[in-house]
């Protein structure tokens, strides 16, 4: 494949500490600059988003003494989308004595990410994973336990060890409520000022440094200014660019995108995780997709009929006419292959015409054999709530009829570029959790998102923020600074502009159209022609949007469709960048599968020589293409191998 | 199960804001697919309203998988609608019949002030949590997670109470608008865990006092909250809260 | 920590007080019924002797009566204030309201506690005026048993329950007391800390049985006396 060679040298420093991998984080902590406790209270920090990363960061920084202002778009900090994570959280505790270690967790994560993440960041993540479990247990998170009273673990997609801690199928909820409870305590003590239903609309950059944000109150539409010494963006992922995803309806890219437009690099935007076990789409009206935890693959067997177009009831299809394709193709991992592999294989069998259900866009996940082996009550104890949820949504009983599942957009590994300190290239702007690009490479392993969110918030940012504040000794700025005037005016103008289009088409119609382009052309498999088409289609759609969208109501009241209009406007810009990023990366890796780059057996083929790199995009102005910068990934500790799960 | 579209008549509560008077607005939809979720039906209605240049109906929603606790609709007089253990977002139209009339009202309680249409302010819950719904443990201060074994049945019980999604259906469905199930669930969760022990008394008193201050009503043991709770939290949470509170006061 | 008196004024304290007073009032009803059943004792003087015995307790009886009145008024006062707070807690009521069923204990009994309670309150006042102070009978009947003169309460009761209207009134109120107890007994257990989910249905059933036994026990007396009178017992 043609390889572009005209990359400019990367002008930013990733600030990876020197020294052996295992000592980088501890030596960095030893060398980090400290802020005098008495001075911490003189510093204001803004935390945008109150999911795992945001809530844990806000609470931890408040404990250290900083003045924190926390913002969320939901009506309560507790409703951030981390709450919906089901399966679990990884840690290298090795409580099961099955040979786990920090190294192994690191190795699995970086390999699972198809070697597109920085070694140092990932190693640190594995290193602090154990502290997270300790912290959460101390907060009263009711993790599952053994009869002896110790913590229980389970194995999770892609891992051959039992290192996943869980609280039924609601691990994200329990961890978030733990972080939220710490945040609540900080609010009570007055160290955190909480702003719910308040959306970040812009980043204020003064002399090249992040100095505050502009927000819009979602109840009364008031635009407000907030100055601070640092801004922490913990606003999650942007999977909703696909319209249908497992993300909450209000999850969006707006805060991150506004930062991008103020100079923050957007890294690897195309890296999207398509989760293999979701409930299939049932009709045009569908507003979101529901994930069924991947833990189901521990006991469920994935299959489709061997014959094309076999419309028999699944229970009438005899064993020898079923194709347990994951077990067939990947004998050693079977149904537990990583998410990207499972998703792509589901797509392949459906493309072959062997998909099931009315739409033909689904495969079976069958518990018949597990129920036979362990009994229904054991299966119910493990997955009862998931089965119940499935039945609520589909009206079918999975104890009797195999579940139908299909891949759906779930998580975005891409995000704002950050250095080892989680600081973006805009000094003072830190990016945590799913909003940054740093830890999962081109594919995230199951039960690692919760780990990263909490690692960033509890155990990384409290150190690295101090390093910035002590080192930089940020100059105080006032909310009357002209940069705030300008940013505020731009937001007000944008509100008016959107409300005054008064076009013919609804916001949702545009979002759906964008989603379809993204799913078809920037989805599970991408090729050059499709990506080029996507770029021009999205660009045209965006133009039309600003001429023909209908935004109802006014700005001074609660107006959810006005919020939505901003978010779709930003998705329409992001979508194009994702397609360009996918186009430029002429290799397959992780969740990014380029038709042009596959092995003879149809597996993803990486091109490490040319693409063991981070693609970071710089905004250059409205309606101008972003400029691509490339950071080399250096692997000193792991040997890059083609992933094989056979 | 039929896949035929249904006709549904809706009576939806509309209210511009806390100061204006609300009213029921009638709508008839003749293209409701039985596999739609209840909120997708409202999405569709809003699309149709906007196509006619009318203001859409405001309602809170987010995850649409029954865990974030955003959705808050009283459907046919029942918080989250007729299905037990189901949040409104997980309710599907197949549970209704062709030609049905469905009423939709907001959560109604003094402690949940009206914002607009079906959207209310539930920040009272956050203040109850902030009063004491936590274990004071500074980041980095925790002992090894396995240092304190917790019997499985205690951990399971704590988890039963911890599953509360904070939606407020308990308040909305309670004839007295009591928040006892919400408050009790958190107090009970932490009462069953050794981590909660040091602040046990302080917590019970502080959370109950805040609940009183917010203006929620008394609990009369109707158990309607448990019926309305999308995760089925047992009213034993309330009994435990009372014990915790009285133990704290009497000791 | 709040003082105990402050604690008792919270929604939790009030509910606990309601429960405790309710338990004692229920125990009183049990004792009252046991006393009443002496009407059917083979010894025709048993009921009068029992009444006379109580009367002779003198100051002890007064103390018991005062305690009973306090329990009763406290129970009623808290019940009314819970009802008033209910109105304040939801200034704008639902236009449509339905119970969701399932574990809900919303039923004719639980939803009418305030009304059955007020009727019971009024009834008790009338009842005491009727049988203790004989305000509705022209004279006080006396009798002599074992040489001692005492009020012939048996005759008062018999006379009263030969009147169909009084019988019907009593019956109605006893049914309402049964309703009140059906929710009340259950509620008292939960208010006083019954927290085992498996036992909750058992408690509710026990509450129902207590309600039926006391209600039927009390209303059996006027009906039996009336029927005996009608068919010449």
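Labels for the chains are A, B and C, by order of writing; each one numbers its residues from 1.
Just so it is clear, a contact is a pair of C-beta atoms (placed from the backbone, for glycine too) under 8 Å apart; a residue touches a chain by one contact, two chains touch by 3 or more.
Since we're looking at a predicted model, the values are computed, not measured.
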Arrangement of touching chains [line / ring / star / complete / other]: line
Between the pairs A-B and B-C, the one where more C-beta pairs touch: A-B
Centrality ranking, top chain (CA atoms only): B
Averaged-CA centre spacing for the pair chain C and chain A, given as whole angstrom: 63
Averaged-CA centre spacing for the pair chain B and chain A, given as whole angstrom: 27
Chain centre separation (chain B, chain C; CA means) in Å: 37
Of all residues in chain A, those that touch chain B in their complex: 56, 59-60, 63, 74-79, 81, 83-84, 93, 95, 131, 133-151, 167-168, 170, 173-174, 177, 180-182, 184-185, 187-188, 194, 196, 219, 248-250, 282-283, 285-288, 290-291, 388-389, 392-393, 395, 458-459, 462, 506, 508-509, 550, 552-553, 557-561
Partner chain C, residues of chain B touching it in the complex: 22, 24, 74, 76-79, 82, 84, 103, 105, 108-111, 173, 175-178, 180, 201, 205, 208-209, 211-212, 215-224, 226-228, 234-236, 238-243, 245-246, 248-250
Complex contact set, residues of chain C against chain B: 1-2, 4, 7, 10-12, 14-16, 82, 85-86, 88-106, 110-111, 113, 183, 186-187, 190-197, 200
Residues of chain B touching chain A in the complex: 1, 16-17, 33, 35-37, 39-40, 43-44, 46-47, 49-51, 53-56, 58, 60-70, 83, 85-86, 90, 92, 94, 115-116, 119, 121-123, 125-126, 129-131, 133-146, 148-152, 155-156, 158-159, 162-163, 165-166, 189-190, 193, 195-196
